[in-house]
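To keep things simple, chains are lettered A, B, C and D as they appear, and every chain counts its residues starting from 1.
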Amino acid sequence: MHDLGHKCGVFAVSDHTDAAELAYYGLYALQHRGQESAGIAGLIDGRIKSYVGMGLVGEVFKTDYFQNFKRARTAIAHTRYSTAGSSMLRNAQPITVDTRRGQISVAHNGNLTNGLALRQELEERGSIFQTTSDSEVILHLLAHPDYDHAEDPWVPALARLEGAFCYVGLTNDRLIAARDRHGYRPLSIGRKDGAWLIASETCAFDMIGAEYYDDVKPGELVSIKDGQLERRFFVEKRNLNTNLAHCVFEHVYFARPDSMIFGRSVHSSRTEMGKQLAREHPAQADVVVAVPDSGNAAALGYSMESGIPLDHGFVRNHYVGRSFIQPSQQQRAVAVKIKLNANRPVVEGKRVVVVDDSIIRGTTSRSRMARLWEAGAKEVHLRISCPPTRHACFFGIDFPSEDELIANQKTVEQIRDYLEVDSVGYLSEAGLLKAVNDGTSFCTACFSGKYRTPTPQGFSKLAAEC
Amino acid sequence: MHDLGHKCGVFAVSDHTDAAELAYYGLYALQHRGQESAGIAGLIDGRIKSYVGMGLVGEVFKTDYFQNFKRARTAIAHTRYSTAGSSMLRNAQPITVDTRRGQISVAHNGNLTNGLALRQELEERGSIFQTTSDSEVILHLLAHPDYDHAEDPWVPALARLEGAFCYVGLTNDRLIAARDRHGYRPLSIGRKDGAWLIASETCAFDMIGAEYYDDVKPGELVSIKDGQLERRFFVEKRNLNTNLAHCVFEHVYFARPDSMIFGRSVHSSRTEMGKQLAREHPAQADVVVAVPDSGNAAALGYSMESGIPLDHGFVRNHYVGRSFIQPSQQQRAVAVKIKLNANRPVVEGKRVVVVDDSIIRGTTSRSRMARLWEAGAKEVHLRISCPPTRHACFFGIDFPSEDELIANQKTVEQIRDYLEVDSVGYLSEAGLLKAVNDGTSFCTACFSGKYRTPTPQGFSKLAAEC
Amino acid sequence: MHDLGHKCGVFAVSDHTDAAELAYYGLYALQHRGQESAGIAGLIDGRIKSYVGMGLVGEVFKTDYFQNFKRARTAIAHTRYSTAGSSMLRNAQPITVDTRRGQISVAHNGNLTNGLALRQELEERGSIFQTTSDSEVILHLLAHPDYDHAEDPWVPALARLEGAFCYVGLTNDRLIAARDRHGYRPLSIGRKDGAWLIASETCAFDMIGAEYYDDVKPGELVSIKDGQLERRFFVEKRNLNTNLAHCVFEHVYFARPDSMIFGRSVHSSRTEMGKQLAREHPAQADVVVAVPDSGNAAALGYSMESGIPLDHGFVRNHYVGRSFIQPSQQQRAVAVKIKLNANRPVVEGKRVVVVDDSIIRGTTSRSRMARLWEAGAKEVHLRISCPPTRHACFFGIDFPSEDELIANQKTVEQIRDYLEVDSVGYLSEAGLLKAVNDGTSFCTACFSGKYRTPTPQGFSKLAAEC
Amino acid sequence: MHDLGHKCGVFAVSDHTDAAELAYYGLYALQHRGQESAGIAGLIDGRIKSYVGMGLVGEVFKTDYFQNFKRARTAIAHTRYSTAGSSMLRNAQPITVDTRRGQISVAHNGNLTNGLALRQELEERGSIFQTTSDSEVILHLLAHPDYDHAEDPWVPALARLEGAFCYVGLTNDRLIAARDRHGYRPLSIGRKDGAWLIASETCAFDMIGAEYYDDVKPGELVSIKDGQLERRFFVEKRNLNTNLAHCVFEHVYFARPDSMIFGRSVHSSRTEMGKQLAREHPAQADVVVAVPDSGNAAALGYSMESGIPLDHGFVRNHYVGRSFIQPSQQQRAVAVKIKLNANRPVVEGKRVVVVDDSIIRGTTSRSRMARLWEAGAKEVHLRISCPPTRHACFFGIDFPSEDELIANQKTVEQIRDYLEVDSVGYLSEAGLLKAVNDGTSFCTACFSGKYRTPTPQGFSKLAAEC
């Protein structure tokens, strides 16, 4: 329950009678990865048709979608986080274009670090850009006659890209999926009724009754045609399996708890984070409570390890959405309570350990801690299931700028004072890596500042939209 | 997370500068009690103006509300559950009328057992009815010259009513609150910045930063004018405190866990129900999981008492709303999973105790249990934190008809077979009453069929809308 | 093309397979009589169901209306002019109520002069009023046991009403139409495929392919049951055909030109007004132009009689509707031109006679005359096809208050100066009556101040809504 | 009042404080040229921002537009006719892109005959196409480094285009307007408060209080920067003023009557067409009526010349819009009458001359003639103010295919029989050219099939959208 920007989810289905329907439900399953626009492109009678709009899946897709796409057997889908208003509809994905190779449609999750450089190179050659999306960059590359002699033009085109990316693509005769060689973002392959599926998270397979088959490997290009799956690598063999950089924040916060990300249960990772946190930052307390829902699993782990009983210290209001009108200055504190109210009988007179997944700006956390004091807590000990978040992400997460990150500006003691709690304990980086059961393959740059791959020069938000 | 009909929430504020704003946020706090229509009536320059509409609070109230009602210092508000479409806007509350005593506006939670009889009596005298709401009955009674000689016409008018009711009312010069003498539904008094507040549940006070002051007593009429609270009883002294009938289902399911209902924490009641359930129906199991969010507290209690660890076995999708388009026949199972997906790592290979608050028709429960099997559960033991729900409610809850209630049609063994689980255990009535800490004052007729007050003859849905 | 308030149109159909559809198209035909709300009540399986909403017919009725009402064979319909916003939906008609006589639904065009007195009398007896509509008054009267011994309770109820009214009503077994004994507003009977129809204007019959049968006579109650039309008078014989008061403004402005109103073609009346105007106020001019569309027919008549050629001096923009955003102060003159632009080649260097139907406040006329000057007119002579509008209407037209009527405040010479034209000529009252071919039966009080029937004491807008 | 597709209107304003407002009102003035989408692109702080949407101007632009664009001093605007649904929003204009020359935004009225060929050429070079609009073609040309050495890249880019086009364009530092060398579509320059304006029709200048300055000449490129207007030709001198091809249908039907098109008043042209028609096809008749509003001016001319009096034989319903639900099979005739009802007193027992501007498929005309018979006409003589419409337009008008054009399939006698009228008379081509006062510069190919410039090979709707 955060104001952090998720950065898109992708989904695809090849050769299934109910493709239009499965794509729709697949987007519902990935809605947590992006709430600003949604779209589906489907293959109907050999032509790609698309349906995109601003808003939640339930707002974008009307019954005419089902009527118009019911004959589609192959489709790609996208749900997107964005910063802008109605004028940014052009950025909604999938983006579908006409090229000399026929139609191509692409949907993307990630962020290219050489996106701006590629745009400039392409513009120099005469390309025009209608969006600020990295999906448009790959389309320009694919359309170019340079790659005419390639066995598959996607191979040299993808090889030009640097940074984090997961693509699903559609042409007039096949479905494509590709993932950057560092494996920054998750992308998995599933099966249902003999059809092939692709999704950002495995929870989408569960929800539509499909089975997990494998991950798209880092550096891999998957091509599905006539029911056959072909897999090849678009990077040279010597570069494979070097310099992996799985985003650890997918496990900390982004992914749904019922997903398997990078081969590991997110729920299990989070429970382990909570246990590890209890070892690193024990507290003398009466009750452990979670900030719902992002802190649920870690709070459970903290309780298990510490033996301090878990209880439901906050009640979340499920009806607060975008139509909620912010209170006046006088009643401003109301807004936080309407969304998340402290449950007095649980915390009154108690020493409370409260577990959350992260602290970004600090303002929301501060307000929540105040709710616990108002509800009569005797002590408040805040535990965070990752290290202090101090650095920008250039690989697909929309953190605020570094000077807005509280941990970039203050020490842990200063944070404790600012939040007005008795103690603050962050999970260590080593503890976090232990919790995700892997000491080597994760990117932890948002905590450490140590980027595993080059960051863009002259980084611009313009080129950063997923 | 149910398809049971809640039956309305009421809220009121007297003499506060931000009355319009507080009423709006108060409705957000009570949104769980009714999602079909919402309305506010406020006193502006001595005249009552109202703003009502179909839908959620966030859909009904636009910025023009805040502009038009900002000078209101006194207001009543209502959120309502209903069965009908746009044509039923006339039933949205508060209902405001012109009478010989000036304007009167009323909002209601409950169900009159003599509503139909009173309508017929009033129609015989020449009254016309524009709604099917019990609020209109009290308005006709109040408007009648019969009560001209009464010190306060609300007293004889309220004395005519039988069944369950909580009213908030507004006239050109005062605010009213009244509660039936059996105390079926909750109604509380709060304070904020010197102003008086009324709400169906105390969570509304918490959320707007107000303090709980007292309950409106069964049989009591509260009148607030010029900042003064006057309390009197509209029933004869000998009838007070006899035959109380607090609705136990408020504790089982309806009320928010952060409310104090009938003087007791709902969360505490539910946790106790879970503990008691563990004593009555123990299980040899590896993990306890809740059906979120209604089973959360009881699952916690079950885990505490049994020592079996709690875990998050289901993940709820917060984006599924009214715009969700139901899947085709082929993909029907998808709908349940999209809303509530089993979390495989938690249940796979495990003996699972799953705790929910009630079983109504059984279809939803059956589908959820199937999700656990699909996710690899080894055994499934369903535990319900109340007795089998077998009988109609005539006092404000919209149960389906008795022949749709699975527990009215099947034995517990048959229910177990229908749900395809290893065991089903319902909390006993005695255990439930122990959990709510009171052996005498609760109505448990939906379990026992023993109604504490007369039920209507020729009961008609027409007269039953809250 | 005016900002005058029309005051409602009514339509009804009895016993036709396509009743729901005919009611919908009938409302389209009467949309010019009211644009603020629309509604239809139909008889389905012996029960009255209604569908009402704010806005134009095309905005209110969606496809679900056709689905839900397709089995209705009898229906009444209403389109309404109003001054208020969404909160006034309760005033939308038809109004449907439950009474001791079963359901009754009523729709109304007119204005009761004793509406307020009747409300007070009814309130004294205990009635409550939920709307400010005169339709609610008749419903309360009908519901009263006083009239139990009447052969038909509508007779004594209608006899209580004074002022202007046309009702269509629906009960569980018959359709009703009634018109006040002065015949202020039009109401006609039509036939189609053996079914009976009622409409405010005969153009509705034309448009749905029905035939005009007769007018509902002043003082008459028409009752249609089982396909049989029964006609009776609700006033005593000696009061019939005395003191007729047909609204002459229906011929001047309100009614559609293709309607027969009070037995005479509106288009013919208006053409005659133009001819008469040419005789009374000739001009030395080069061209006659109309203010479209309200001045079209009178301009034609003026041209015919004077021999001065007609031309199209203004072009109307058909796309300006309620969503038009008013210009800033700087560009304010733009708004008038966007709606109605002068056609330069027609007026440049010409002496122009411009014909309109009336001048209300004068501001719109002034702005239009300025457009002619800007387009190069050499002289501008304004001709108005009725006398100066000086007095309030208490019988169903929503004129502004008398001090806003320019002709109540200024002499014709002052009006000429204010409008900045070379001359202004109003049709005389005698000339107007000649044009409508009747010297005796018309109310011309808005010009003369001579009201043919009593006006209300303490006239209140509250009771005046049609 | 037709179902012919208009093909877009463009508007622009350079360096005016109220540019955002003027662009909005300019679009209202040109709404008749396209009702499917609307858009504005404005220069704010040196960056181009755009606001586009599906629907009428009044539906697309909300108050946030005025807030966000109030600092724009230069803007281009577009209103568009289209055939498709929500998925075609990408085709809405202006289209704004990033290129190596900075941002460019373009809006277009017309149709390129080499659009498809240019797309293929550009795609071969690697361009990707996101729309089916000719605006995208010019953008790709402009972006190409080929034209780096040109003094102004618009000159060689425009020189590549064949067919009909009028562009307004915006870059980060100037405003552009250009018109094809044949002058197919109108494009004019205006002035207001020292600022420069561009519009498809001069009526837009009138409506916003601006003055007409000049036409953009065929083959001319107008560039406005820092308040200075620069004019140059993008075609070689020897090709100027050869082979002009003004679209005569702009005078017959498309343009507003208050516009000056190709230097001549549309209203005057149409009145002359009516006079000429009376000379070519006289009739023994009692009354002349127009099909409103498209036949108004020609009917006036016919009446003037023939001496047969004009009258208003049809009444148009101004409330029928896109929300009108078509009647069932049984009541189908209703739809035509609701839109346009014959006025019985005008035509009953009369020999009627009815004047319209054109007959496309014939179905609508046939239905209208039937209305005259039903209203009692004794004879019906249809007169059309242009020759039979027999051939496709490749230059910006969306006629149906040739086999749907009634005049392509039937002789005039057969048309008379099909329409069930006494006579049909079409204006001759010579008469039409006389009426528009020019024998040489007009394209009349839709009548004659003689195209003045090459038509596209493999003409495809895909490349034809304006």
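By our rule, a contact is a pair of C-beta atoms (placed from the backbone, for glycine too) under 8 Å apart; a residue touches a chain by one contact, two chains touch by 3 or more.
Keep in mind that what you see is a predicted model, and the values were worked out from it rather than measured.
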(message) Taking contact as defined at the start, I'd like the list of chains shared as neighbours by chain C and chain D.
(response) none
(request) Select the chain at the greatest separation from chain A, using centres from the mean of Cα atoms. (result) C
(request) Let me have the rounded angstrom distance from the C-alpha centre of chain A over to the C-alpha centre of chain B, please. (result) 37
(request) Return the distance between the CA-based centres of chain A and chain C, expressed in whole Å. (result) 60
(request) Report, in whole Å, the distance between the mean C-alpha point of chain B and the mean C-alpha point of chain C. (result) 48
(request) Any chance you could list the residues of chain D touching two or more other chains? (result) none
(request) Based on the touch definition given at the start, go ahead and assign the chain network to line, ring, star, complete or other. (result) ring
(message) Applying the document's contact rule, which stretches of chain B touch chain A when the two form their complex?
(response) 17-18, 21-22, 24-25, 28-29, 31-32, 35, 56-59, 61, 63, 66, 203, 206-209, 256-258, 265, 267-268, 271, 293, 296-297, 300, 304, 309-312, 315-325, 327-328, 330-331, 333-334, 337-338, 341-346, 375
(message) List the residues on chain B that touch chain C in their complex, please.
(response) 49-53, 64, 85-87, 89-90, 95-100, 104, 119-120, 123-130, 139-140, 143-146
